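Each of the next two complexes has subunit A plus one other chain: subunit B in the first, subunit C in the second.
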Partner chain A sequence: MATETSAGSPADGSAGRLGRVRSYLEGPNTVGNSRQFWAGFLVALIALAAYPMLTNSYQVGRVTLFFVYAFLGLSLSIVWGYAGVLSFGQVVFFGVAGYTFGVISVNFATPAGITGAFVVGVLGGAAMAAVLGYFMFYGGVRDVYVTIITLVSTLVLHTFMAQTAGDEWTIGEAALGGFNGMPTIPNLALGVEGAALTFDNVTYYYFVLALLVGMYLALRVLVNSDYGRVMVAVREDEDRTQMFGYNVKRTKLTVFTLGGALAGLSGVLYAAWGNYMSPGVFELTFASLPVIWVSVGGRKSLLGALAATIGIEYFRNSLGGELAFVIVGALLLVFILGLPGGIVPWVDEKLVPWLQRIIQSRSTGAAAAPTEETD
Partner chain B sequence: MSTNDVTSDPDIRQTAAELATGDRTDTLLATDELRKDFGGFTATDDVDFSVKAGELRCLIGPNGAGKSTLLNLITGTYEPTAGSVYYNGHDITDLDPHQRVKRGISMKFQVPSVYGDLTVRENARLPIQRFADGAERRRRVDAAIEAAGLAGSEDVDASQLSHGQQQQLEIGMAASLEPDLLLLDEPVAGLDVAEREAIAERVTRLNEQEGIAFVVIEHDTDFVASIADEVTVLHNGDVFREGPVEEIESDPEVQRIYLGGEH
Partner chain C sequence: MANGLNLLFQFLDSFAFIVLAAAGLAIIFGIMGVINLAHGEFIMLGAYATTLANIQFGLPLPAAMLAGVAVTVAFGFVVERTIVSGWLPNAISQRAIGRNVIEPLYDRLADSMVATWGLSLIMVQGVRITLGNSLDQIGTPLGNIAYGGFSYSLYRVSLAGVALAVLLGTYALFRYTTYGMRARATIQDEDTARAMGVDTERTYVTTFAIGSGLAGLTGALYAPTITMVPGLGSSFLVEAFVAVVVGGPSVVLGTTLAGGLLGAINATVSNLFGTFFGRIALLVTAIVMIRFLPDGITGFTERLRDRLQEGA
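Let's turn to the complex of A and B:
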């Protein structure tokens, strides 16, 4: 699996190019480094692309929300799963970006204004993470204290946003609205007047899906790059990594800022999806969701974060109410105690090899043609 | 003693000036009155310690003598309470650990701390990728794995290696940075005789062939005798004796502090 070096042979040009692309996407830091995986990935993609044609617009909108949350799950996966910084504050960046998008887009409700709000919102999430991260990491805050500070930041923002009901909290046309939140945030639009992409339920679904797939692949390239190796090294042992000449504080700050941008992207897409932001996004229950998604899916796996976010949210949304939270909370306990690595790595390391052995023993038992694994 | 006292001491200013101007070119590393307090406990008590380029110096002393603290002060892992560290004629006291590494100081920690989740190859790549690319990187990674005696185990997770193999891998990773000074904290603790000999041979080779200066903390006197040129004895946080290994070995005072007699 590791020696995917047939890419160098000049005989098969297209396969060689594909091999080169795969060499960027694959490595020890991601699950799914086989031809079978990519075949499955393609099938899943086709199914997701076909989904809006098989169902109604309401269902499509619902699933879009799960995709939107997946960016939030991915943001915690790279920050916690890959760089070892357990943050309870991803919703801070999510919320700050969502509110920023809301305030700007309400005031400048033209396609250009909304496009600007989209960009500034994401950058706002990143900037918030950069500031918070700078003071934490360069102030020598480590381990569980980072978790506590990020959690407290979330709660502080909740308290703050909840008291913004008064008129003095109106920025231009946009009233922050305290507990009632901020309604009438416009849909996403990209471009300028006359030449702008606007979205309905179905096209927004495709837009978010495409963005998500692109982001997943880009993050795979990142975590399998030299930089990804440094991230993992920081996660495993900060002091050791420092003694190889790496600036550990800067690495953590960079990854944390990137995580802030990703969470911000999620927040902006969320605000535009529901046309609404409220202090509820800073609540403890929402703040703990990313930790649950990523723990259950497998924090050291991007695919785990992606699949578990969508899966758990689908389940939670279908069930609804407080009961769903209780079950999801119980799920977290079960996984932390029983399967601390998460589902996806378990499937990759245990289930798939086990199935392969069964298939192999069956085919050799039947004295069939040699079934040598191609990958 | 406060920082002010240190800088106003003419002797120390002299040493610092000499180091900075490179008059004592053979001195690679020097500490000036280096002190570290942990609460009320003084771990290193105004230590003046120096290492010449290319020498192999062992650092010995009873438990609690301040050996590991001194190493951590040299790498920058600890911030000193007072005093300075000079390296290659420059004051590096305010530099972060990673900046010191870039200047040529490397260290292997006491506990083997290879990255267990990463394969042997990934481990070996990490220090090398910082300064080598492409074919050059591959060559160096292969060489580092080979030198650690791990050829054929490239794709094994490092956590699966034996204690001795992990030590070898980690020394290889530290050495692959091509440092001028390599600090080893108890490199043979918990190893069997054959593994100790392999490490001793490796350290000697790196010292003689690549000219890397070593500071090795070790309790095992046979190991010290087999590798060291010079020995520094730390006791109660300060330098107690310094000299050639034979001289230190036969020093009754050194034996006395090791046996825990009163002083």
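Let's turn to the complex of A and C:
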């Protein structure tokens, strides 16, 4: 993220339409601005698309969950990595959206109802973030105090949802169920009666994958746009950005709300994935996961958040058992102490140039060094 | 009348809980600029050590409590040397590759939060693996006070006295001892303090050990009254963090005032609407306080004092 060379302009002469598309997707705020990166991206995409044909439905369901979590990771990357607001409360929006989806879809279990529940759930996550963010940012809460307030919100919501076992907490046909949670949430369906798509297992996998790839690319466009530069400016120095005439509070609120919507999307997909929602999503152990993914992957990099979420969850899930959280906690500790920037930026800044130097010194007579950024 | 007494006891109970939950956290935050998210787990450690010492090794309760504090102090010392200051890993890496691998976490608020969160995960899960999902509990001593149709645990009410003693002790420690003077010098200006011969590194270690010890004391004191589960620390976190936010930079005065204010709010709201709304009230108070007094109560009192002095 150090150089500005390729910001906003197509990489080389071979412009055309593809170059124009790339110019939106690339910039100093994202890792992976070379042709090699996009080739690798395409290969990974094809591999992921072929994955369900190579394995059984249990594995497909498992990997779908990791994709669902990836939205949560991206939401924290945007909020913390790009706008500098460290939130321990992304799971609040995740949970609120999931519960909203659950309550509405249980009451209106038709495709149209579920589609509505999907939209309202995501908006619910965003609205929750907007309200909390408004009181914090316009209330003058800054820096580490924002983090503390979001953490306390998580704990308070956990207390709240855990005591909803009684009959007075039944909304229509949907009982919130206290510690036992809400079972029988229907699968995701989009459309209206007669013309509806219902997603289960493999189709859900493709739906979530497509949504995730689209979201990743859309966020890349966002962070490399002018608005993205303002976000990064807010992260780097709030006072100076304010001096330049930008509305720092509004920027933070907007980004926080967007983060809430993303976390909400993750929550809705999660509720539809497991057909279940419980106060466990507000527990501190779960609330710590997004922070771990994003810290290990590299918070200032969308790709880092994406890759680390899927990677760590795969690892944690395969490991299973009691030791998983010990190891994941240790991972967080080691990375925040030893490599605060995270893996992906390190690979981009140190490992790739180092590999290129080695390749270059072997092939004789290579003149100007084609580096990652200027390709 | 009975409800008045109820409210008074509830206030004393809340006051004690908030002050004791926050004290260790506030000291470490105020002096070192480190936010210890594993604070709840330090409390858990103190509670577990006390319970084990009492039930497994048959120590009488006061001695078991001292053992709980001692264990937490030792643990805090180790954590400071290995994680917060990175002294141990750096000493090893100096030898192996000739450079430091870890930057100390002093005054890196966000990083210290994330790192200690990792630590708290390890501690909760580690305790769950080694000691199981729950422990037998020590019975609550001292019995109940009965009045009208109500009763209240005498032990929990008397903790208010302990909380006051902790506050006075902390005040004396920072006001009258050499360590306290060094610590205050370190907060004010670390570089100058070092130039004047204060070993700031040692001040930090001592501070972290004292803060951990206070967390351990809290755990030891509440061990007879709460269920012994590995995640018990999180029930202290809300009160602790809200008190630190509301209290502001001056540790002792801030914690006292915050404990008083929040205790009153929590007791009243809990009394009227139940414990859940008591917690909501704490959260709302914290947000409102930060809105109007961004430096907490003591930031406000300090400004007031400055203005009065200028006027005089």
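In this text, the second predicted complex is superposed on the first by the 350 of 375 C-alpha atoms of A that agree within 3 Å, B and C clash if a C-alpha of one lies under 4 Å from a C-alpha of the other, contacts with A are read in each partner's own complex, and residues count from 1 in each chain.
The rule is simple: a residue touches a chain if its C-beta (ideal position, glycine included) is under 8 Å from a C-beta of that chain, and two chains touch if they have at least 3 such contacts.
Just so it is clear, the model here is predicted, and its values are computed rather than measured.
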Partner chain(s) touched by A:Gly194 [first = subunit B, second = subunit C, both, neither]: neither
First (subunit B), second (subunit C), both or neither touched by A:Ile336: second
Touching partner for A:Gly320 - first (subunit B), second (subunit C), both, neither: neither
Partner chain(s) touched by A:Thr159 [first = subunit B, second = subunit C, both, neither]: second
Subunit B or subunit C, by number of subunit A residues touched: C
Touching residues on subunit C, where the partner in the complex is subunit A: 35, 37, 83, 86, 89, 101-103, 105, 109-111, 113-115, 117-122, 124-126, 128-129, 231, 234, 237-238, 241-242, 244-245, 275-276, 279-280, 282-283, 286-288, 290-291, 294
Subunit B - residues contacting subunit A, complex: 75, 77, 96-98, 101-102, 106-107, 109, 113, 115-119, 122, 125-127, 129-130, 155, 173-174, 177
Touch list for subunit A against partner subunit B, complex: 2, 28, 226, 229-230, 232-233, 236-237, 239-248, 300
Touch list for subunit A against partner subunit C, complex: 86, 135-136, 139-145, 147-149, 151-153, 155-156, 159-160, 163, 284-285, 288, 291-292, 295, 322-323, 325-326, 328-333, 336-338, 340
